[in-house]
Amino acid sequence: MRSLATVVALGLALVLTLLMFGLPVADSLRLLGEGAFGDKFGISRTLAKATPLLLTGLGMVIAWRAGMYNIGGEGQLIVGAVGGAAVAAALMGKVVGPVLNPLILAAAMAAGALWSGFAGWLQVARGVPAVISTILLNFVAIQLLAWSVQGPLRRSEGGLPQTAPLPADTMLLKFDRQLDLHFGIVIAVIAVLLVTAFLYGTRSGFRLRLVGASSTAARANRIPSERVAIGSMMLSGALCGLAGGVEYTGITGMLGTGFPQGWGFLAIPVALLGGLHPLGVLLSGLYFGALFAGSENLARFSTGGTTLIYVIQAAAVLAVVALAPRAKPAKVKEAAA
Amino acid sequence: TGGSGSSSSPSVSPAPGAAGATGDFKVALLTPGPVSDAGWSAMAYDGLKAIQIDLSAEINNQEAKDTQIRDAMRSYAQKGYDLIFGHGFEYNEPAIEVAKDFPDTVFVSSSGGQTAANVGAFRFYLEQGFYLAGYTAGLATKSGKVAMIGGDDVPSIRSTFKAFKAGAEAAKPGITVIEVFTGSGQDIAKAKQATLGAISEGADFVIHQANAAAQGVFDACKEKGVWAFGANLNQNDNASGAVVASATIVAGPAFLNLAKSVKDGSFKGGIALMGMDQGAIDFVLNPALQDKLTPEVVTAVEETRAKILSGELTVPKDEF
Amino acid sequence: MTPILRLREVSKAYGPTVALNRVSIEFAPNEVHAVLGENGAGKSTLMNVIAGFVAPDSGEGTLRDQPLPFGRPFEARRRGIAMVHQHFALVPAFSAAENLSLANLRSAWQTHRPDRDAGSSLDLAEQLGWKVEPDRLTEDLPVGVQQRLEILKALSSDAEVVIFDEPTAVLTPDEVEDLFRVIRELKDRGRTIILIAHKLSEVMAIADRVTVLRRGAFVATAPIADVDADQLATWMVGEVPGTRTPISASFKPGLSVTDLHVRGGRGEHAVRGVSFAIGKGEIFGIGGVDGNGQVELAEALAQVRPSAAGSIYLTGCDLEEANIAYIPQDRQSDGLALSMSIRDNLLITGHRRRELTRGPFLRRGAIERWTRDLVDRFQIKVGSVRDPASSLSGGNQQKVVVARSLDVVPELLVAVNPTRGLDVRATDYVHSQIVAAADAGAVVALFSTDLDELAALAHRTMFLSRGLLTDHLVGGDA
Amino acid sequence: MNDVIQIWQFAIPIALAAVGEVISQRSGVLNIGLEGTMLGGAFVAAYVGLTTGQPWLGLAAGIGVGIITSLLQAWFVLVRSADQVVVGTAINLLALGVTGTLFRRAFGESGQLLSVPTIPKFDGLDAVMLATPIIAVLAAASLRQTGWGLLTRASGEYPTAVEAEGFSVRRLRLGAMTLGGALAGAAGAYLSVGIVGSFAENMTQGRGFVAIALVTFGRWHPIAAVGAGFLMGGLEWLQFKLQAQGSGLIPFQLLLALPYLAALAVLVVGAKGTRGPAALGQPLRRDA
C-alpha cells in the first residue's frame, strides 16, 4: 500500500517536473527508462551507479542505527579515495595490479574509518555532535582532495591537478570493456549480506542497535556505549571509504577535484528510504542507481538542458522523503512491519 | 569476458563510422564548465551549434570535469556518437583510452599531445592574444603594475598568463605582473575581491581567465577606474565599460572543419595548432575606448601583431 | 454539579492492544477526581487524550460544551487543560527558572526574563517549602526536584483542568502533603483536578470522587465517601491482593562496602564515605529523600559508575565478572530501549547468556524460546514480543526489566524504586521476585523512597542523607 | 579603514545567512539547504534587478524566494516529518538545477556576463551592511529576552515541553525557518545585487556551507556567528592580498578549509560546555 503510494508519488513528481520545464512527458519518460534499463548499457549503468550508493548507504545504516548521525559519508568517501590513491602512488610499479587493488581498497577503508572515527571520538570525548562535525569534515575532505591532487599526488609538476591514472590491471575486474559495470557491485552485495548478519545476528550488532536506541539503557547495563559509538562510526566510515576506493578503482581510475559526485550525501536518502535496514538499502540503492542512470540519459538527450538532472534527482528524493515512513535513529521502529 | 570489447561495436545504433549518412551524424561536446559561462565553454558551444546548423548534425553537450570525463565519453560512445569533442587538453588522455574501446567514434580534444587513428586534437594558441594584451598593458600602464586574475588554477590558464607576462615585460622591462587565483570560474564575488586586492596593490590593467566570474573582475575595474581585458570571447561591449580590448578565440571554423572531415571520412588523427594565422585567435581593441590608449600604443601593438602573424615573433606557450 | 469536561465513548487501540475501550466519563468543577487502575489500565492514555497528546480512534470529548482539540496539545493547553506528565515535559538544558517561565508565558510576543517570569512559580514553591534553585540546569536536578518543577509548571497556569499523572511517585510523604494542600486550594478556586495515584491511602485522603478503569474499560465512578480501599481494589483487579512479611535470618557474608566515595554527574561529591555489609540472601534497604546520593551509590554498586575512592567486595567472585542485576530507577531512560522490540529489550541481559550465543553470534531459535519463556513466567502483558517496548504500560515495562534481571539468580541485585508507578498487583509481584532472589542467595540492595516498601521487604534499612548513611533500623521489627 | 569596509562587505552574505541558520537551528531545524536557498535568492534578485532596474526590488525578490524555499522545506520537514538533512540536500540540488535551467533559458545557453545595478553605497557602505549587525543583535536579544525566543529555544531542545505549555512547535519552527529562509535569500541576493551586480551558475560556491560552519563556530549565537563571518572575510582578504603581493605562502585550499577547521577546533577545545540544541535535526513527531 505504502510502496504503491510511493511509486505513484514518484511518478507524479516526475511528470510535474517535466511539465514545469515544458518537456514532452512521454518522450522524457522513455529516455528515463532507456537510460536505466533500455539496453545492456543502461542496466550496467544502473548497477554501476548503485554500487557506491549501496556501500555508503550501508555505512549510514550502521552509524545511524548506533545513534550517530553520520552526515559525513561524502567526506569519508573522498578521504577513502585519497587514501587509496596515496597507496597507489607509493606502490604503483612495485606491486602487481591484482595485489595492488586490494591494498588500495584496504587503505581506502582504513582512511575512511579513521576520518569518521575522529568524528566519533569528537562526540564521545568532546561532546561535539557528529551531525555537526561530520558536516564540517566533509568540507575539510573536499579541500584535502583538492590539495593532494594539486600537491603530493599530482601526476606531474605543471600538469592538470590530477593523480596519475591507474593501469588497467589495477582496476577492478570489468565484465565487458564497453560496459561500466565492474566487480564493485559484487563487493557491494556481499557487504549488504555481511551487514545484515552483523546487525541482526551478532552480539556486537545487537549492542550497536541498543546503544543507538538508548545510550542510557546501554550504560546502565554496562555496555561500553562510547566504544560502540566510535566503533560504529569507524565501521560506517570504512564502508564509505570502501565506496570511494571502489569508485576510484572501478570507474574513474584517477582522482581530481571533480571526483566527488555526491554519493556520500545521497547515502542518507538511500539509507532512510531503505528503512535503515541493510536489505532495504539494497532496494533503495538500486532504485536510486536506476534513477541516476535514467535521469542522466534524460538530461543528456532531451532538450531540457543538462542542469535538469539536478531537478529530477531533487524531485525524486523529495517525493521519497515525503512518503517514506519517517525514520529517526533513536525512534526507529524495531517492530516488524 | 573482460577486455574483449575492442572489436564489437555499440549496440544502440550501428555507428556509421567516418562515412555516415547525413542526418545521422551525431556530435557531442564535453566542457569543463557550464556552457553558459560566456567564456571558454560557451565558445565551444557556439562551435557545436555551427556544426548542428551547417552539417545538420544531431548535437549534445555536457559538463564533465576530470574524473567524470571517461564516464561521459563512454556514455556518448555507447549511444553511437560519431564525434566527441572534449573542450580542453584534459580530455586528451581519456580520449586515447576510451577510444580504444570505441573504435568507430572519433574523439577530439582542444589541446593535448597524444593522437591515434580515431583521436585528434587542436590547440588554440590563445597565448598569442594574451601576449598582445600584456604588451598593450605594459605600454599603457602608469603604475608599472598589471594584474592577471585566474579562476581555476589549471595549466592552460597558467600558460596564457605566462604569455601575458612575457608581453608586458617585452613592452616594459621590470614591470610588476600580479597573479591571483580564486579557485573558481563561477565565483563572481571572489573574482571581484581578488581584483580589488590586485588593484589595491597598484595594478591599473587587469586581464582575467575567470570565465563566468569575469563580471566580478570588470566590476572591480569599473569601480576603481582601471582598465580590463576580455578573454576568450570578445567582451569589449561589456556593460562595465572597462574593457579596452579582448584576446579572443574564434572557434567556429575550427570545429566546423574538423566535423566536416569526420563526416566525409577524411579525418586522420593528428594535432592542429590554431593560431592567429588561421584566424582562430584575435586581439580586438575596443573601438569605443580607443582614445584611452595613445596612438603610439596602438601602433606598437599592431606592429607586434604583424610580427606574430609573420612568424617573426613566437609567443611562448607551455606544453601540457 | 454540572460537568465541565465530558468524554463519550472514547476508544484508542495500539495495534492489537486496546488501551481505551469506549470510555465515557465526566469531570466537574470544584472536585478532585482520582482515576485508578492497574498498570496498563489506560489511565495515562486517557489523560493524554484529554490533554491532546494522543488522538483517540473514536469518541468525542467536550470542555464547556466545546469539542476538545484531540491531537493538538498546544490547543488543549490554550483552552485551559494543564497536565503534569508521568514522564516529565521539562527542557533538560534550561535552567529551572526558564522551565518555569515556559509555563508562565502568556504570549510569544512578550518580553522574557527568567527571574521575573518564573517569579510566581518560585513564590509558590517557597510557600510550599519546596527548595528550587532557579539557576540550576534542570538536567542536573534530582528526579524528585524535577517532579516538583513539573508540578509547579502546571500549578502556575490558570488552567481550569489540571491533570496529575502519578505526581507522588517520587515525592516523600511530607512533599505529598504539601502537594495535596495545593490541590485542595486549587479545588477551592473552582478548578477540576484529575489525579492518578497508585497508593489508595493517598487517594482516600484527597479525592472527592474516584473513577476506576480496568483493561481500558470504564468500571465505575463513585464519591469517595461511598467506597473503601477493598472496594476499589476489587474494582481495579477483581480480587484483593494478599500481603507478605519478610523473614529474618542470619546471613553468610556477601557484599562489603568500605568508605565508598562516588562523584555525581557534575563531579559533585554525591556519596561521601559509606561503609556497610550485606549478607547473601539479605535484603538491605537504603531509604532517604531523593537526591541524597542514592542513585550514585546504586550505580556504583551496580558497576555502572566508577567509585572515586573506597572499595566494594563481593565474596567469592570478581566484581567485574559477577552477575549483577540492576533495576534502575528510571526505567524509561535507563531500563529500556523504548524503540526496540520487547525481545531485544530482554536480550539486553540475554545477549550475555552463554546458552543464547555461539561465539560472537546470537542463536536465533534459542533466543525465541527464552523470550517466550520469560514472557510467560513473568506474566508480561504483550501483544507480540516484536512490538516496541514503548507500547507497554509502565508496569509491564518494569516487568521486562525485572524479568531479564532476575531470570537467573544474580549474585548481587541492586534495585532503585523498583515499584515506582506500579499498581498493587504488579508491586506485589515485583516484591515477591525480589524476595525470591534473596531467598535463592542473592545479595540485595534495595533503594526506595517508600518507607512502607522498605518496612515490608528489607531485613535492615539505613538512610542516606547528603551522601552519608545515617540511621539504622532492623527490618522485620521496624 | 577602507580594508575593513571591504572585508565587511564581502563577509555579509555568509554572516547574514549564518544569523538565519542560528535561528533555524535553535528551533531544532538543521537547514542544510542554505546553499540552495542562497543560490535561489541570488538568481531571482539578479533577474528582477536586471528586468526592473531596481536593485531593491531584486533584494526583496531574493528575500521572497528565501521565504518560499523555506516554506517548501517546512512542508516536508514539519508536515511530512521528513529528515531535515535529506530535504536540505534535495533543496540544494533543486536550486542548482532550477537556477541553472532558468538562467540558460533567460540568457541563452552560452550565458552572458550580466550587469545588474547594485544597491547604492555611501562611502563604501550600504544599508544591508549596516543592517546585518543590527539584525544579529536583534536576533540575539529576541532569542534571549522574548517569549518567542524562549519558546523557539525550547523547540530546539525538547519540543514536548513546548507543546505541553500550549504552544505549537510546528508554528515556532515554521517561524524560525521562515526567518532563516528570508535571511538566506537576502544573503544570496546581496551577493548578486549588493556586491557585484551579476549572476553566474552556482555562484554561491559553498557559502551556505560556510555559514553552517560559522553557526557551530559561533556556538549557536547570532552575534558570535557574525563575528566569525567577519573573521573569515578578513582571512580571505588577507589571502588575496598575499597572493597579489606574490607570496604563495598559504595554499589557498588551506584557506578554503579554514572556516571548517576553525569551527572544529573551537568545538574540540571547548565543546563540553556548549552543545548544539538537543533536538537539532530531529523530526517533529506527534502521536501516531
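Chains: A, B, C and D, in written order; residue numbering restarts at 1 for each.
Note that in this section a contact is a pair of C-beta atoms (placed from the backbone, for glycine too) under 8 Å apart; a residue touches a chain by one contact, two chains touch by 3 or more.
No experiment lies behind these values; they were computed from the predicted model shown.
Asks: Check B-D against A-C and say which one is joined by more contacting C-beta pairs.
Replies: By the number of C-beta pairs in contact, the winner is B-D.
Asks: Please report how many Å separate the Cα centroid of chain B from that of chain C, as a whole number.
Replies: 75
Asks: Using mean CA coordinates as chain centres, what's the gap between chain A and chain B in Å?
Replies: The separation of the two C-alpha centroids amounts to 35 Å.
Asks: Could you give the separation in Å between the centres of chain A and chain C, each centre being the mean of its C-alpha atoms?
Replies: 44
Asks: Quick one: which residues in chain A touch 2 or more of the other chains?
Replies: 150, 307, 330-331
Asks: Going through chain D residue by residue, note those that touch at least 2 other chains and give them in order.
Replies: In chain D, residues 100, 104, 109, 201, 253, 256, 275 touch at least two other chains, as defined above.
Asks: Among the residues of chain B, pick out those that touch two or more other chains and give their numbers.
Replies: Touching at least two other chains: 34.
Asks: Every pair of chains that touch: which are they?
Replies: Chains touch in the following pairs: A-B, A-C, A-D, B-D, C-D.
Asks: Touching chain C in the complex: which residues of chain A?
Replies: My answer: residues 200-204, 206-207, 209-210, 213-214, 216-222, 330-336.
Asks: Using the touch definition up top, name the residues of chain D that touch chain C in the complex.
Replies: Residue positions touching the partner: 144-151, 153-154, 157-158, 160-169, 172, 275, 277-278, 286-287.
Asks: Show which residues of chain B lie in contact with chain A when the two form their complex.
Replies: 1-6, 8, 10-12, 34, 60-68, 70-71, 74-79, 89-90, 93, 97, 101-102, 153-155, 158, 318, 320
Asks: Please give the residue numbers of chain D that touch chain A in the complex, ascending.
Replies: Against chain A, chain D makes touches at 30, 32, 76, 80-83, 85-87, 89-94, 96-98, 100-101, 104-105, 109, 201, 206, 209, 212-213, 216, 251, 253-254, 256-257, 260-261, 263-264, 267-268, 271-272, 275-276, 280-283, 285.
Asks: Can you list the chain D residues touching chain B in their complex?
Replies: Interface residues on the chain D side: 3, 6, 10, 13, 100, 103-104, 107-115, 191-192, 195-203, 205, 236-237, 240-241, 243-246, 252-253, 256.
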